[in-house]
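So the structure is just underneath, and the comments pick up after that.
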Amino acid sequence: MSGEPLVRWDWLFAHLGPIADRMGQHLYLAGIAVGLGFAISFALAALSIRRRRIYPLVTLLATAAYTIPSFALFAALVPVTGLTVLTAEIPLILYTFVLFVPNIVAGFDRVPWDVLDAADGMGFTRGQRWWRVELPLAVPLVVAGLRLASVSTIGLVTVSAILGDSLGGLGYYILDGYHRHFATEILVGGLLSIGLAVVADLGFVLLQRFLTPWASRRTEKARWT
Amino acid sequence: MTAPAAGRARAASLEFRGVTKRYGDAAGAPAGPSGIGARGAVNDLSFEVPAGAICVLVGPSGCGKTTSLKMVNRLIEPTAGEILLDGANVMGEDVTALRRRIGYVIQQVGLFPHLTVGRNVAVIPALVGWDEARQRARADELLSLVGLDPAHYRGRYPAQLSGGERQRVGVARALAADPPLMLMDEPFAAVDPIVRERLQDEFLRLQRELAKTILFVTHDIDEAIKMGDLIAVMEEGGRLAQFGPPDQILAHPASDFVARFVGADRGLKRLSLVTIGDLKLEPPPDPLGMPAFRPETKLRDALSVLLVAAARGGIALDEAGRPRGFVTVDAIASALADDYPGRRQAGAAGGDARTTTGADS
Amino acid sequence: MDLIAATGGWLADPAHWQGPNGVPIRLFEHVGLSGVSLVLSALVALPLGLWIGHTGRFSWWIVGSANAWRALPSFAVIGLLVPFTTVLDANLGFTLYPTLIAMVVLAGPPILVNAYQGVAGVDRDLVEAARAMGMRERQILAGVEIPIALPVLATGLRSAAVQVIATATLGATFGFGGLGRLIVLGDANQDNGELFGGVVLVAALALATLGLFTLLERRLTSPGLSGRTAG
C-alpha cells in the first residue's frame, strides 16, 4: 500500500456490477442461514418448552457450537463437504441456535400467566390461545432474536471467504485485497459488510416497532379512574 | 323484581351438590388424610344460588373459595360431586362451549396487552364469529355501560389504562357475550380503597340493570356483605361454615369461626344493611340544630354521626327532603330485632326486596 | 476414518510439540496475546462502563449503540486495519498489528456494555438507601453496585474472552500466528492431520476458555443473588 492513494475510485466504479453481485451473494448466504436456523431453532424451542429438561442441554450445545471459532469450523468441514455452499451454511446455521432458542423460549415464557388464565377461562381452545395470544405476545423477543442472528450471520458470512473465491460474499474483497495489498478492495469489502450489518439491525428495530404497537405508545395515565 | 330486558339471555341458576376437590394423587401421598385439609381443597360443598342473585364465597386464604369458583368453568375439575348450571351438570357440556357461556373476571384482569381495549372487550364475540360491525357496536355498548367513553377508550391499549379502568374493561369483556353466569375472583382487590368502593357501587348498579347470576370470591367480609345477596362462608379445609343472606350470617353466626370471621362488630355491620328510609319513626320534633339524614343513608353512618355530634337524635328526611321522623340511637338499635320488617331478605335480587315500608311513604 | 487417524497421528507426534511452529509456541502466542488484549481492553472499558452506569451520563449513547457494536464483523475489522497498520510498520503491520488491535477493539463493547448494564441494573432503591446511610459515591460503587453487578460483569468478560480467542484464530488468515496458523499451514501443505490438529486444539482452547469464565462467573455471584435474573 505504499505510494498509492488510499482509495482508487476508478477501480470502484469499474467494478460496481461485481460488487453488487457479491452483495447479493452475501445476502443470499445470510438469508439461507437465518431462515433455516430460525426454523430449526423454533422447533428446538418448542421442544424445550414442552420438555423443560432438555432445555439446559440444548442451550449448552448451542453455546458450545457458538464458542468454536468460525474459522475452525469452516476449515473442519472442508474435507467432508468440500468448498461448497453447504460447507458455508452448516456453521452459519449452527451459530444461530444460541441466539434464537433462548429468545424464543423466553418470549413464550414471558407471556403473563394472568393473560393465559383469562384466555382459558373465557373459552379459548389450546390452539386459539397459542395463535391469538401467546404468539403475538412472544413476538418482541422472537424478533430480538432475529435481529441478533441476522447481524451476527452477516458478519460471519465474510469469514466464508476462506473457502474460496466462489464464496464469502463481500468478504471476498477483504481477503483478496489483503493478499494483493490493495487497500481499496479491503475498504469496499469491509465497509460494505459493516454497513449491511448495521442496516439489517436498523431494519429489525423498525420491524419490531411495527409489530408491537402496544409497546411503543407512551403510557398516558388518565386523570381519574 | 325487574324482569331481565327483552332479548337478554336469562340468568341461570347455579347449584353445588357435594362438590369435593382433593389434591395429592391416588398413587402418591396426599396432603393430609384423604387430601382433605390440604390447601385449596374443597370438602362436600353444597348450596344453591337462584337466577339473578349475587352469591359471595368468602373465607380466609386457603379455604378453597377460588378452587370452588374455578370448578364451575372447569379450569379445575372436581374430584366428586356435581355443579349444575340451570339444572345441567357442567361436566356434561363441551368445556370450550361452557366457558364461552360464562363470564370470567380475575383479580389481575388478564387483559390482552396486544389488543386494544375495544378488541379486548370483543374477544369472545370475535371468537364465536360475529361480524366486525356487530363486535364494535357491542364493545361500545359495554364500555359505556361500565362508565368508559367508547370514543376515548376503544383505541387505547391496556398499558395506557389505570388499575380501575382496567378492571372496568375486564368486566365489560366478561359481559360481551351476555352470559347467564359470571364468575368473579377478587376482581376489585388490586385497586386502592377509594377506587374499589366506586367500582363496587357501579357494579351493583349494573347488576340491578342486568340481573345476572354472579358467583363472587373475596377474602374481605365487608365486601361480601356489601355485594352479596347470599353469602357462603368457607373455612380452612374447604368446608362450608354457613350459607345465607348477609343479615342472617351477621345476626346468627353458625359457629365460633363464623362469629370471629365476621368480626366482633357484626352488630354495627348489620346496621350497614339498613337505611334511614327503612326505619319506622316517631314524628320529628323541631329540627333546629339536629343532623338531618336522607333516606338512602345507612344506619351505621347515621349512628356514627349521632355519636360524634353527641346529639339527642336526628331528623329523617323523605325523598323530597321534608322532615319525616325522629331518629334516635334507640330507634336505630331497634332495627336489629329479628322480626323487624324491611331488612334484606334472601332469594331474589336483594336490592329490590330491601325497600318496603318507610321509603315509599 | 482417515481424518481421525491422521489427526491423532499428527497430535501424537512429538516433533509437532517442539520448535518455532510447535504447538506450545503457537498456544503461547494465542493465549498470551489474547490475555494481553483482554487486559488492555478491560483497563479502558471496565472503568468507563462502571462510571457511566453509576453516574448515568452518556448512557443514552450506550443504550443506543450497544447493539450496533455487536454488528461489527471481526473479519472486516481486521482487514480494514491493514492499510493503516502497514503505514506504521510494513512487516508487523501486515501480520501482527491488525489482529492485535482488532482483538483489543472487539473485546471492548461486551465489557463496557455489560459493566454499564450491571451497574445500572442495580435497584435504585438500594443505591438510595446506601446514600442515605452516608456512604460516599466511591463506596457505593465499590461496596454495593459492583458486588451486585458482578454476574453481569463476568458474563461480559466471558463474552469478550471468547470473542478475543476467536479473533486471534481468524487472524491467522491475515498473517497472525497462534493456533489458527496450524489450520492455515495445514491447508497450504495439504496436511489434513495438521489442519485438523489445529481445529481440535482451537476448539479445545475456546471451550476451555468458556468453561473457565463460566466457573469464574459462578464463583463471583454472591449466593444471595443466585436465582435472580437480569432484565
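For reference, chains read A, B and C in written order, and residue numbers begin at 1 within each chain.
Please note the rule applied: a residue touches a chain if its C-beta (ideal position, glycine included) is under 8 Å from a C-beta of that chain, and two chains touch if they have at least 3 such contacts.
Here the structure is a predicted model, which is why all the values come from computation and not from measurement.
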Take each protein chain as a node, join two nodes whenever their chains touch, and name the resulting shape: line, ring, star, complete or other. line
State which chain is most central when centres are taken as means of Cα atoms. A
Starting from the Cα centroid of chain C, hunt down the chain whose centroid lies farthest away. B
For chain A and chain C, what's the span in angstrom between their mean Cα positions? 21
Can you check how far apart chain B and chain C are, centre to centre, with Cα atoms defining each centre and the answer in Å? 62
Dist(centroid_CA(chain A), centroid_CA(chain B)) in Å evaluates to 53
Mark out which residues of chain C touch at least two other chains, giving numbers and ranges. none
With touch defined as at the start, can you tell me which chain B residues reach chain A in the complex? 70, 73, 75, 96-102, 104, 106-116, 123-124, 127, 157-165, 173-174, 183, 191, 195, 198
Name, in rising order, each residue of chain C that touches chain A in their complex. 3, 67-68, 70-77, 79-80, 82-83, 86-87, 90, 162, 165-166, 169-170, 172-174, 180, 183, 187, 192, 195-196, 198-199, 202-203, 206-207, 209-210
Residues on chain A engaged by chain C in the complex (per definition of touch): 1-2, 6, 63-64, 67-73, 75-76, 78-79, 147-148, 151-152, 154-156, 158-159, 161-162, 171, 174-175, 177-178, 181, 183, 186-187, 189-191, 193-194, 197-198, 200-201
Which part of chain A faces chain B closely enough to touch in the complex? 112, 114-125, 128, 133, 136-137, 212-215, 217, 219-222, 225
